[in-house]
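Shared between the two complexes below is subunit A, which pairs with subunit B and subunit C, respectively.
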Partner chain A sequence: MQRTSVGTRLGRSLIWAGLCIYAAGIIYPFVWMFVSGFKTTSELFNNTWAPPAHWNFQNYVDAWNQGVGRYFMNSVIVTLSTVVLTIFISAAAAFAMSRFEFRGKKLMLVFVVGGLMLSPEVSVISLYKLLQDMKIYNTYLSLIIPYTAFRVPFTIFLLRSYFLSLPREVEESAYIDGCGTFRVFWSIVLPMSKPIIATASLLTAMAAWNEFMFGLVFIESDKLRTIPVGLMNLRGAFSTNWAVLLAGLSISASTMIVFFLLFQKKLIRGLTEGSVKG
Partner chain B sequence: MTAEEDSPFRRQEGTSLRSNQNRSLILLYILPALLLMTSFIYYPLVQNFIYSFYRWSAFSSSKVFIAFDNYKRLFLDPVFYIAVKNNVLYALVSVLCQCGIGLIIAAALEEKFLRRYQGFFRTVYFIPAVISMTVIGLLWQLIYNPNIGIVNAMLDLLKLGRFAHEWLGDSNTAIYAIILVSQWQYTGYIMLLYLVAMQKIPAELYESARIDGAGPTRCFFSITIPQIKEMIVVCTVITIIGSFKLFDEIYVMTAGGPGRSTEVLATAMYRSGFRNDEMGYAAAFAVVLFLITFIFTLIQLKVSRTSEE
Partner chain C sequence: MANVSLKHINKIYAGNIQAVKDFNLEIEDREFIVLVGPSGCGKTTILRMIAGLEDITSGDLNIGEKRVNNMAPKDRDIAMVFQNYALYPHMTVYENMAFGLKIKKVPKKEIDAKINEAANILEISHLLKRTPKALSGGQRQRVALGRAIVRHPKVFLMDEPLSNLDAKLRVQMRTEISKLHRKLQTTFVYVTHDQTEAMTMGSRIVIMKDGLVQQIDTPQNAYTNPANLFVAGFIGSPQMNIYKGIVEESREGVYIRAADSSRVLVSQEKAESLKRRGYVGREVYFGVRPENFHDADCDPLSDAFSDAESVVEVAELMGAELYLVMNIWGCQTTARVEAKSGKKAGDRVKLHYHRQKVYLFDKETEMTL
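The block that comes next holds the complex of A and B.
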């Protein structure tokens, strides 16, 4: 009974082979990218498969100095601001919506769900006009504010369901001891929700870091560009120097890969809870 | 706030509001979120509808009301039909590949003999989904490059050199080359959603099926698929929505070319608005995009609500 038949063995080997080929198809392009970043341009043309003759970091240094470094810092500023704003604004709203009865609560919920349904791509034309009228077009704010606005509905949703699941005893006794709502929010609910806040922050950070369309349209000057849009410029600037472009891509990709490997569990938990494609 | 206001006696009425002062305080908690969503999500949406009835450009103040002319033009524009065709093609392939093959891979990884290695495969397959589309797009542009890329070099190696091709430069192959990149990037993501759903299926179901003599294929069709059917629908719908919102992939790899052969709705909108400065016409594209994604999102909400009940 326990002996596996030849047919089963063959089937399993085929599945193994398929999975391994697929994995190689994912890994190899990245390896090629990292390795090619060390090659000279002529090596790129002549030795597609061979490793570089000299592993020099010059391409990486050039890529960093000629734009990637600046784009990287811009992305850090925009991403961090978006995360902080999104978390505070969403947590405050989610706290009120999970703890108090007020008129219009249902309406607020509909409003949040509606916001979840609308995709940013649809608003890009009118947002462009709005940001121009507000005189914040082509500033960091022209990215931070729209990013935050479009992350808030999802984050409220995520935090609200977590807040609803928290036990209330501590809060109840805090109220009896005379704490105000803000004290309860700040010193009890927020610290108790650290895991979900971490997940929400990571998801927001990933979305802001990778966003492309707003970054392309709402920022005009090269000095303020974020990484995804900046890399497009790098392609223009190094139209023949592929190796430097590959080095730039490697820098950007490795940031995300390290980030993902570090926070894998939390990210996956949030992504599957939301079932929303980035 | 004083202790008196929060006295336990008033709180007997529930955790609800205790005084008028509190009522305005509650408003303070939700006001920032409310303001932000109103002015940067809902207001632009309404504005976009209005804009689509005008002829206007970003750098002049003159706006001419032209009623439905933008829409009439849209429905006569051959690029509109190319774009819709490409979006539909994209959706079809993505549903088949990501939702179909993704499901099979997820089921394979849940088989007992592979469980131990599941973590590794899961991580590897998922990685492309966390990297920005610009990086993926530029990387694949170089992979497809006839001079330095590995696609043609690989064909050479397999003695299939006669199929070597300028994949992104030929209007017959460009859209398929881009679609392939998206499958490469997102199949692992959908697979992961399936895995999470599969892990919630009670193990007893499989055990009793095995005692009854059911093989893995039988279990897949009779247990796995019925048990995760909500997730299958959700994945299908989000894949379709994603296919219609598509912008980054196309813009990075071909910008709609060669000719207009890889144009999709979002890139056509971008080109009208920010290249040709016909903002009203671009707004009409955005309205079409909104209507399509809105319908599918309603379906998604409906499905996820029924599965929660």
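The block that comes next holds the complex of A and C.
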């Protein structure tokens, strides 16, 4: 082992300290929200920063029973469907765009990249009319389809550049081994792209899970609301039980955090892959 | 097992770049054909066209009796080994080898038997459960070979399979591939840029340059009777020394006047041929292989020879041999002499060379005279 000089160690310590402060800045508000979910509302206002005198799980139970449970399941259904649909469509499109020569390929790419520029807010009214005409307004599909449509351009972009970096010989080898195009896509390209698919899935999941505007506009029925919109229901017109609301927010946020922690390794690999030789 | 026939094959890429020009080759059943040439000569393109990975612009490609121009790779009954192994990274060695068979719906027991047999031949039985990531370069190449073997294809295609291995392993794998060919008794088509591989492995070699075939011959013939200047320079290591000179005639006969004005004598037979064909007074290329120079001090020649003298600039001892680099006939020359010659840089050396081993080439066409 090489001995590190005092200067290097000092430098490292400073970087560490900086990162620790940064981490605290991100973690603390979440921990505060999570912990405050155990307080009573009066305790929350009188003793804002202190830990709860009595760890009261009732807020979490209340939040769950007051609809968060249902919103949670709705969000899970919408998010999972969006992720599966987005990944499948994007991977297939990215595969075609990275492997085949066809007329209008460049135009298609420009079209996809153009989709990245489109802001969801601009299309709310037209989508609203469209969904009504398609008779899927106020159903899960009224969220799943727009979410997928808005995530597909970026995901194609992400997957295509990854596919381009995959060694072509492996696929050629599979063609010689007897595969057709779909088999090569399904059995070779997709498994080889696990890290980037994990990354794309997570990014899509986060976007779908946290989306608010479409969830508010395209869903009318309380039974179908997703969690970000549903949490609004916990705010009463005259009074709000803030502690219960914080508990609901904690449930919503922690799902994505757990999801992230599970996929963390793959996510980082997906983001750095291509720049480092494997 | 099958013969492969390529007739008037052309390959033109977008932008009118012609990679292969009127390629003709009849590969016999069980032959080991090596396509060799510098990079960009079209050798890999031909291999990929045989594999079906590249469209054929014009011409006929037959494997066995069938014309396969428009047949998908999977229907051609071929196997290919790639330079960078191209193993499936997410599968174990066993799965890699089984993949092709599974697609063909071969029964599991049979797959098992075939893989075990191939693994035994290649000595990779202990690696079957590992993934490619956990293998060394040499092991990966064996797995790639194994994946090809288990399918018992009609034709084996190999695209520079040894290029990514280190020198020692390359020599070892070279022998193993030759052994494998004898054992499997299948047609092999092998692409390389390394003339040593071509010389040692091929039953015939196809030497290519700029999309054109230069010579199709046995390694021995390509070495002793190169068709043109390019083949002469490409085959043989170190490569043939090439000089420019003018054919002249005096009372003693026909000789070549080299760039430094010295006379280079050629065999009687060649001299007559030059005269008969009207080369007297014309410029030609001539070449002498390094091994056809001999140190006069330790290696007297018995047949007709001549001398050349120079001062050694660099002496490289290779073990059994010594490479002497010096200026002869106005050009940098390498002579491969016996190590016992013991010459060092700065020594004056007298070299003998066989007259009948002076190669002559036309200045314009570069064809052998």
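By definition in this document, the second predicted complex is superposed on the first by the 214 of 278 C-alpha atoms of A that agree within 3 Å, B and C clash if a C-alpha of one lies under 4 Å from a C-alpha of the other, contacts with A are read in each partner's own complex, and residues count from 1 in each chain.
In the analysis below, contacts are C-beta pairs under 8 Å (C-beta built on N, C-alpha and C of every residue); 3 or more make two chains touch, one makes a residue touch a chain.
Note that the structure is a prediction, hence the values are computed from the model and not measured.
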According to the stated criteria, A:Gly180 is in contact with first (subunit B), second (subunit C), both, or neither; which is it? both
Which partner does A:Trp32 contact after superposing on A: first (subunit B), second (subunit C), both, neither? first
Touched partner set for A:Gln66, first subunit B, second subunit C, both or neither: neither
Is A:Asn138 in contact with subunit B, with subunit C, with both, or with neither (first, second, both, neither)? neither
If you count the residues of subunit A that each partner touches, which comes out higher, subunit B or subunit C? B
Taking the superposition on A as described, I'd like to know which of subunit B and subunit C A:Val152 touches: first, second, both or neither. first
Between subunit B (first) and subunit C (second), which, if any, makes contact with A:Pro228: first, second, both or neither? first
After lining up the shared chain so the two structures overlap, which partner does A:Val217 touch, if you call subunit B first and subunit C second: first, second, both or neither? first
After the superposition on A, what does A:Phe95 contact: first (subunit B), second (subunit C), both or neither? first
Using the superposition on chain A described above, determine whether A:Thr48 touches subunit B (first), subunit C (second), both, or neither. first
On subunit A, the footprints of subunit B and subunit C overlap at residues 175-176, 178-180
Touch list for subunit A against partner subunit B, complex: 12, 15-16, 18-19, 22-23, 25-30, 32-33, 36, 44-45, 48-49, 88-90, 92-93, 95-97, 99-102, 108, 111-115, 117-119, 121-130, 132, 145-146, 148-150, 152-153, 156, 168, 175-176, 178-182, 185, 206, 209-210, 212-213, 216-217, 227-229, 231-232, 235, 242, 245-246, 249, 252-253, 256-257, 259-261, 264, 267-268, 271-272, 275-278
Complex contact set, residues of subunit A against subunit C: 167, 169-170, 172-180, 183, 187-188, 191-192, 194
Quick one: in the complex, what on subunit B touches subunit A? 1-3, 6, 8, 11, 14-17, 22-23, 25-27, 29-30, 32-34, 36-37, 39-45, 47-48, 51, 58, 105, 108-109, 111, 113-114, 120-121, 123-135, 138-140, 142-143, 145, 147-148, 150, 153, 184, 186, 188-189, 192-193, 196, 234-235, 238-239, 241-242, 245, 247-248, 251-252, 266, 269-270, 273-274, 279, 282-283, 286, 289-290, 293-294, 297-298, 301, 304
With touch defined as at the start, can you tell me which subunit C residues reach subunit A in the complex? 51-53, 72-74, 78-80, 82-84, 86-90, 99-100, 103-104, 147, 151
